[in-house]
Amino acid sequence: MDRHRIETLLNEVREGRTPVDEALDRLRDLPFEDLGFAKIDHHRALRTGMPEVIFGAGKTAAQVATIFARMAQAGGNVLATRATREMFDAVQALELINQAPRAEFHEAARAITLTQASAVSGKGTIAVVCAGTSDLPVAEEAVVAARLMGNTVELIADVGVAGIHRLLAQKHGLQSARVLIVCAGMEGALPTVVGGLVNAPVIAVPTSVGYGASFGGVAALLGMLNTCSPNVSVVNIDNGFGAACIASLINHL
Amino acid sequence: MDRHRIETLLNEVREGRTPVDEALDRLRDLPFEDLGFAKIDHHRALRTGMPEVIFGAGKTAAQVATIFARMAQAGGNVLATRATREMFDAVQALELINQAPRAEFHEAARAITLTQASAVSGKGTIAVVCAGTSDLPVAEEAVVAARLMGNTVELIADVGVAGIHRLLAQKHGLQSARVLIVCAGMEGALPTVVGGLVNAPVIAVPTSVGYGASFGGVAALLGMLNTCSPNVSVVNIDNGFGAACIASLINHL
Amino acid sequence: MDRHRIETLLNEVREGRTPVDEALDRLRDLPFEDLGFAKIDHHRALRTGMPEVIFGAGKTAAQVATIFARMAQAGGNVLATRATREMFDAVQALELINQAPRAEFHEAARAITLTQASAVSGKGTIAVVCAGTSDLPVAEEAVVAARLMGNTVELIADVGVAGIHRLLAQKHGLQSARVLIVCAGMEGALPTVVGGLVNAPVIAVPTSVGYGASFGGVAALLGMLNTCSPNVSVVNIDNGFGAACIASLINHL
Amino acid sequence: MDRHRIETLLNEVREGRTPVDEALDRLRDLPFEDLGFAKIDHHRALRTGMPEVIFGAGKTAAQVATIFARMAQAGGNVLATRATREMFDAVQALELINQAPRAEFHEAARAITLTQASAVSGKGTIAVVCAGTSDLPVAEEAVVAARLMGNTVELIADVGVAGIHRLLAQKHGLQSARVLIVCAGMEGALPTVVGGLVNAPVIAVPTSVGYGASFGGVAALLGMLNTCSPNVSVVNIDNGFGAACIASLINHL
Amino acid sequence: MDRHRIETLLNEVREGRTPVDEALDRLRDLPFEDLGFAKIDHHRALRTGMPEVIFGAGKTAAQVATIFARMAQAGGNVLATRATREMFDAVQALELINQAPRAEFHEAARAITLTQASAVSGKGTIAVVCAGTSDLPVAEEAVVAARLMGNTVELIADVGVAGIHRLLAQKHGLQSARVLIVCAGMEGALPTVVGGLVNAPVIAVPTSVGYGASFGGVAALLGMLNTCSPNVSVVNIDNGFGAACIASLINHL
Amino acid sequence: MDRHRIETLLNEVREGRTPVDEALDRLRDLPFEDLGFAKIDHHRALRTGMPEVIFGAGKTAAQVATIFARMAQAGGNVLATRATREMFDAVQALELINQAPRAEFHEAARAITLTQASAVSGKGTIAVVCAGTSDLPVAEEAVVAARLMGNTVELIADVGVAGIHRLLAQKHGLQSARVLIVCAGMEGALPTVVGGLVNAPVIAVPTSVGYGASFGGVAALLGMLNTCSPNVSVVNIDNGFGAACIASLINHL
Amino acid sequence: MDRHRIETLLNEVREGRTPVDEALDRLRDLPFEDLGFAKIDHHRALRTGMPEVIFGAGKTAAQVATIFARMAQAGGNVLATRATREMFDAVQALELINQAPRAEFHEAARAITLTQASAVSGKGTIAVVCAGTSDLPVAEEAVVAARLMGNTVELIADVGVAGIHRLLAQKHGLQSARVLIVCAGMEGALPTVVGGLVNAPVIAVPTSVGYGASFGGVAALLGMLNTCSPNVSVVNIDNGFGAACIASLINHL
Amino acid sequence: MDRHRIETLLNEVREGRTPVDEALDRLRDLPFEDLGFAKIDHHRALRTGMPEVIFGAGKTAAQVATIFARMAQAGGNVLATRATREMFDAVQALELINQAPRAEFHEAARAITLTQASAVSGKGTIAVVCAGTSDLPVAEEAVVAARLMGNTVELIADVGVAGIHRLLAQKHGLQSARVLIVCAGMEGALPTVVGGLVNAPVIAVPTSVGYGASFGGVAALLGMLNTCSPNVSVVNIDNGFGAACIASLINHL
């Protein structure tokens, strides 16, 4: 319903019936005290050099849009993960009220970004590697997040371990990365094989891709934890964003 | 205690105090009716073309030795898996009574074999592949069992996925096999990678090698069940013998 | 939405408003670069002697149809598993544009096939065995896939272990197969019993059929991994296609 | 150490140094108030028609012997399960003091019994069925317990589902039972197959026999819970005694 | 869609447009060969004294109705479990064609029954016990099924272990039963407490009632398997029908 | 080996060969800097009103004894849990050197205590309830710990839910407690039943007692978490000490 | 459908077509005997000092409303947990018939309350602590329930362990509470950290918040059970109500 | 037994009975061809900049010693993890034969090291953090390994989350590290709290410390995977060595 109020407001602004200032005042009436459902810690973002981040899952479009707008005012980059197109529409609606529509939607990555600082600050390249079509949403989330954190990112997709020649063909790209993020579902063996090919830290991301005994990514997770490549560490299932944070921290060292 | 009686008997035979015939009579007094604790189904062995097999784990040395001796009388090959040297000593003791010590002990494979029919009947080569030192007992069990079933077997060891070049160096050996058995613990990725390199059936054997989140082979098992190579099927953890049975059946088609 | 564009195009072609050539040009505008979301490896299919395969689950009807059409151009057989009727409609729509509607939909098997090479190349018969009505989708997937790979296939259904006489009545059919695929849910005992009746390799497929403590096929999977028939190996839950691949490889040896 | 006191006492009684009465007085000094570590509920045994029962695991030999002696005084049958020979020795020692050594040790069943009432009160036969050598301890526990409860019991062993002809050869014995107890480890399929052959209640007992993915009997337990034979219910892993209780209750109806 | 054909046919019969004979002929055209998707084993039902049974879950309304009609022709009782009202409508539609609408729908039990033989043949009373409102569907399934099998059944509901006085108030009803079925979710303690109050066999049915760490009935299942009442055996989660089968078999001894 | 040095020292002191002062100096040479392997936080003990506590499992007897002696010097009560008699011997040895042997060993509770402040400060009674002999070690640990924390404690043992009349006989004792600790293994139902009988907070302690599907206390733990008595909270398996801490805090409110 | 009847009735009352008395009579015709699906135990509520409670999940709006109305007549407070707005509408409809609309809906807490006794009877303050936005529903359920039980409650939100300074800023509020409820999802570490800061009992509530390896709250549950703060006990996942019951009992001591 | 041969040889060398040259010849007779049970890949060590590493668990002392000696000849640093004192004795024995005893044993870390290159090459400090005494072996393994890889390492121990003030007291040490390794058992919350205090990558190592529901480190592992600190990645349970490898790679960037 809040969503509805925002869109109504937007239509009025578009049609000239409501001036922007009045719209902002009316927006202030939405039931968010101190955003109510969330306290934003701008200092953390500044402190850690990461963008402000919203975890979209389980939030309404209106909640995401409101948090996004407040975060945008802090002047840094903003990222909403696990976001839907409906959330992006709400974000754009609020931006329109402020007459500054600049957020972007990354459909594959399920992410909304606002880039207010775009300089590349990372020292080398982060390679994001994945096997199949199904792992792409997680890999793209890592790509989008890592770029927003000021890194040069290269995506190397469709290189599963069952067709090892396709992976070996990418050997140069893999070995020239300063740090790698490797996403895989099913048996989760890709990070181990990649880890054996490079001499850089590998962040492994198990994905929930698979069926039957994949148990929603548990098989891949266990495979990665039991890796015999000593340069591989692991994050939670489908956590492309977390992998990007760690890779970016390393790439800025 | 039965073990003790057998050894006592053996010593007497050795020292000439008890003639062999009398020893066999006394052996008959051991508390095994129809072997008591086990019924041997010689017809099954003949029917399936496999050797007579004893699963040693959980049996006493005397039990293994007695079953082994009875099976040997049927004239075919005999195999005891999960066997200890103590069991082998007991087997040899009984053989000595019969004045026919021919069984062999395979320490790495934890197997006792008696080869009474040694012709190679399998049509091609079975490749048994494993990654590390720790997987060798399972791989060797497969090797010993497959050979006893009349197959030419090639062991390709120390080819883990974390050092993919070592595996690729064995490409010819892998591709010339008619059927492959691939043993791996930890993340269990080796069968998938091998499966992608060959166009033959691959029997994957998860091993209980590993620690922590390997959960005694469960991680490897799940990895193999979720393989993205469509030519891989799986047997129970550490079941090198079962893999050899299936591979031998295929190799005799 | 892509789906919609394809169907719109199809209607226009049907109604004569758009010539076929122009339709193909417009199809080229769909947002698929190098199919974008997938790279097709025709060489693998040729290399392994298997049909080109699409795993339908998680893909849109339009994606399946587009991949299917490109694969069809390579000249071999094409198979889409976990497919819906909606996907088949999209496949047919594209075929209509190309004026070559030849794909078939197998409802029970949830599969779409295109048969461009139909010679029987397998040496013997593959028996596909299952217990109840509920296991049929998995069994049918195996049947359809194995036939497309050039095998003679016999389906033996409704032979559960709780009514052992029905299974024994099929003894001849079971024993005349060169390799068997046995699908079972719930307690998953069928492969073991069948394995004891035949002297051929058995590929066991646990199905997700059951409730409560079946845990989506885990009970059946564990039962099959712990089989006491030494000629049984196992694939992932509901993986009828994988079982067909392995059985076909064996049947072509 | 209590064990030591009992044996010392026994030796003195045997050698005539201590009269029996004095021995009993000294036994009273053992640190068992109201048996201290246990309260015996003789009424429950009488109420339920079952023997007095001691679960031996985790108790000392002296504790088992003392409880056993007190229970024996109540006049009914007594059963100690999960018992060791050392426990039996202690039980016999106390009996000797009382000059009434009548308890028996069942090695395979790991049980000590005292039969003070031996009339057969059950209406039909209880069949106890198991597959392999390894399941025998659990099956024997059920046999011993059911007999002590006044039942005619028939043991049908070595009838695994992988050799179905051996099971079918026992069809008459199975079908003439009023109630059946079926013990199985590994894939646990035997109760389902037996359940399909008979029209009587089947109590299934999963055993901890197996390795790897048998998970100490869990695979067998799940197989039995997912049985497709509607006349099968299940007890805890290795719980031969519990199965005997239920079967005996049914057989006395 | 088959459903649609059946209902269309029914409407025509109702409105007199199609005579019953012609309707039956047209029904014969439905794509069921030997029922196609199922083979009915009338002999099993006769052999075991149980009604013909259809497991409704996962079948279409038309499939259930057709199987139900064929089973009805065998002359015995018919039971469909896990049935919906839609399935019942289809069953009634077919009955109308045969001009014999006699099936009943038991909403709470999710069951359809046809009673063609209603004599009480069981020797005593089966008590069906459950704790809360949420366990009722499973308990009712047991009640309906047990009655259809010729038993006198008493339902004792709302007697959870957290209010033990309510359970004790039912002591007489519990103790006068010849066999008991006890359904419970959450911690699953009810069968143990009931088992301690009676001297009859108790069939425990874990239900999937609960949340969080109940894991869909697993907590209750484990509680029941670990019962310290020796007269309790267990069936699968939510398996009220199975419990009724076993209880009825016992009640007919 | 340190153990050996302590005992040697003790013998010398006993035999008068080494004066106490010299012994203390030599003790100082043991390789414990700042206790080395542990930092003692006396302030926490004072802050929380709990005794100083040592978790004995995994420590050597010498380590326990040394920590115990240092803690004793702080003047408060000291508790070592999961302690062995060997640890107690070492503790006594050090006390002897200090000529102040006052620690006590509680064999059933596997605990060593030193009571330097014995006033009862808790406001009411803590009832510690358990079912069988096997749960006693955990219950006794709770009893010993709660008493050392200044509480009046009543132990109510041998009141399992399978014999509900024994529990009801203790109703007065249960209802007069200010807070209750209820320990149970196997199905873990006792806290729920007790919780329904009282109107006070119940701390449930699952014990690892059981076999098979008890999974080392997991079945009991799940049962307690799913309790339908709303006054029950749960601690870790076998954590009698933790339950005592919470109960004591509540009893001092 | 019952829902529909209630609303129809309400509309008629509103529009004056049906007098209230007649409406109540018609309400009596709803198929609830003794509420049919539930027996209300008013004595328990009075006995335990807790409000009457309805667990809303799995009940229809009409069922909740009817139980709520009957409970309200007993004169105490009433609480419906896991309630929807639709349920609240039905509750209000019935209240309107009785011309006494006083129930309140707490959206965040998913709770309906009726406060007929509002005196504060608890002795101190209950602090309810949670980390993030997503844990709020569980925390609010605890807040609403604890207030209805007569407690002063303080909610301390947004204090996750990853930003420890925010938690420390609330140190005074935490330490002035007499008992604390701490809700956390994901890694579930908050209760441990809070437990180390206070000297009062902490009730930990794992929430199902998280994704991937959080397994619906299991990770948080395990974290809390393994706490190294000895003043923490745990309730089921998402069980805010249960935590409130225990905290209230403690706060009334 | 090989162990015995090595020690015999050593004694002879020590006592002058066998010259060193002859000893080396005899050593060559040990049954290691190409080390037989292991192929050493010196190139990998050189390639990755890590020391040669032996995983000691499951190897005999003689095997470890022989591999260690061969690795030492390559001129780099050598590390044996999960090593026992018996293994170290064997390593020293071989060194004595070569007249170059330089290896060190780290008892707490269960590691044997040989330092042939000791320059510090890492750019900053690696902080290794752990909570309690029990986590020390894992933390020490990380310390020893990281130092051998050329890093400055600071160990910060005894800083558990239940006493947050002790952790905060180490804030400076934590924040001055370039990368951190955090080891924790039980609830595994320490990496999350540390992660919130620093702006550097954190490698979390779950340890198998705990009991009951810690499940050998699984609780800690899940806690770490579900961390809400975005700079934390995880390795396998007890894998201090793996954490050191990753941290060293990062510290050398």
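As written, the chain order gives the labels A, B, C, D, E, F, G and H, with residue 1 at the start of each chain.
One rule holds in what follows: a residue touches a chain if its C-beta (ideal position, glycine included) is under 8 Å from a C-beta of that chain, and two chains touch if they have at least 3 such contacts.
Computed from a predicted structure; not experimentally measured.
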Listed chain pair D-E, F-G or C-E that repeats interface B-H [over half of contact pairs the same by residue number]: C-E
Most remote chain, CA-based centroid, reference being subunit A: D
Whole-Å separation of chain centres (CA-atom averages), subunit E against subunit H: 61
Length of the line joining the C-alpha centres of subunit D and subunit G, rounded to whole Å: 49
Geometric centre distance via CA averages, subunit G-subunit A, whole Å: 35
Distance between chain centroids, defined by C-alpha means - subunit E, subunit F (Å): 51
Sites on subunit C at which at least two other chains make contact: 163, 212-214, 218, 221, 225-227, 236-237
Interchain contacts, given as pairs of chains that touch: A-B, A-C, A-G, A-H, B-C, B-D, B-H, C-D, C-E, D-E, D-F, E-F, E-G, F-G, F-H, G-H
Subunit C to subunit E touching residues, read off their complex: 133-134, 136, 158, 163, 166, 209, 211-214
Subunit H-touching residues of subunit G, taken from the complex the two chains share: 131-132, 160-164, 168, 186-189, 192-193, 195-197, 210, 212-215, 218-220, 222-229
Contacting residues of subunit D [partner subunit F, same complex]: 37-39, 41, 44, 57-59, 206, 208, 216-218, 221, 236-239
Interface residues, subunit E side, partner subunit D - complex: 47-50, 53, 123, 178-179, 199-201, 203, 221, 225-227, 230-237, 241-243, 245-246, 249-250, 253
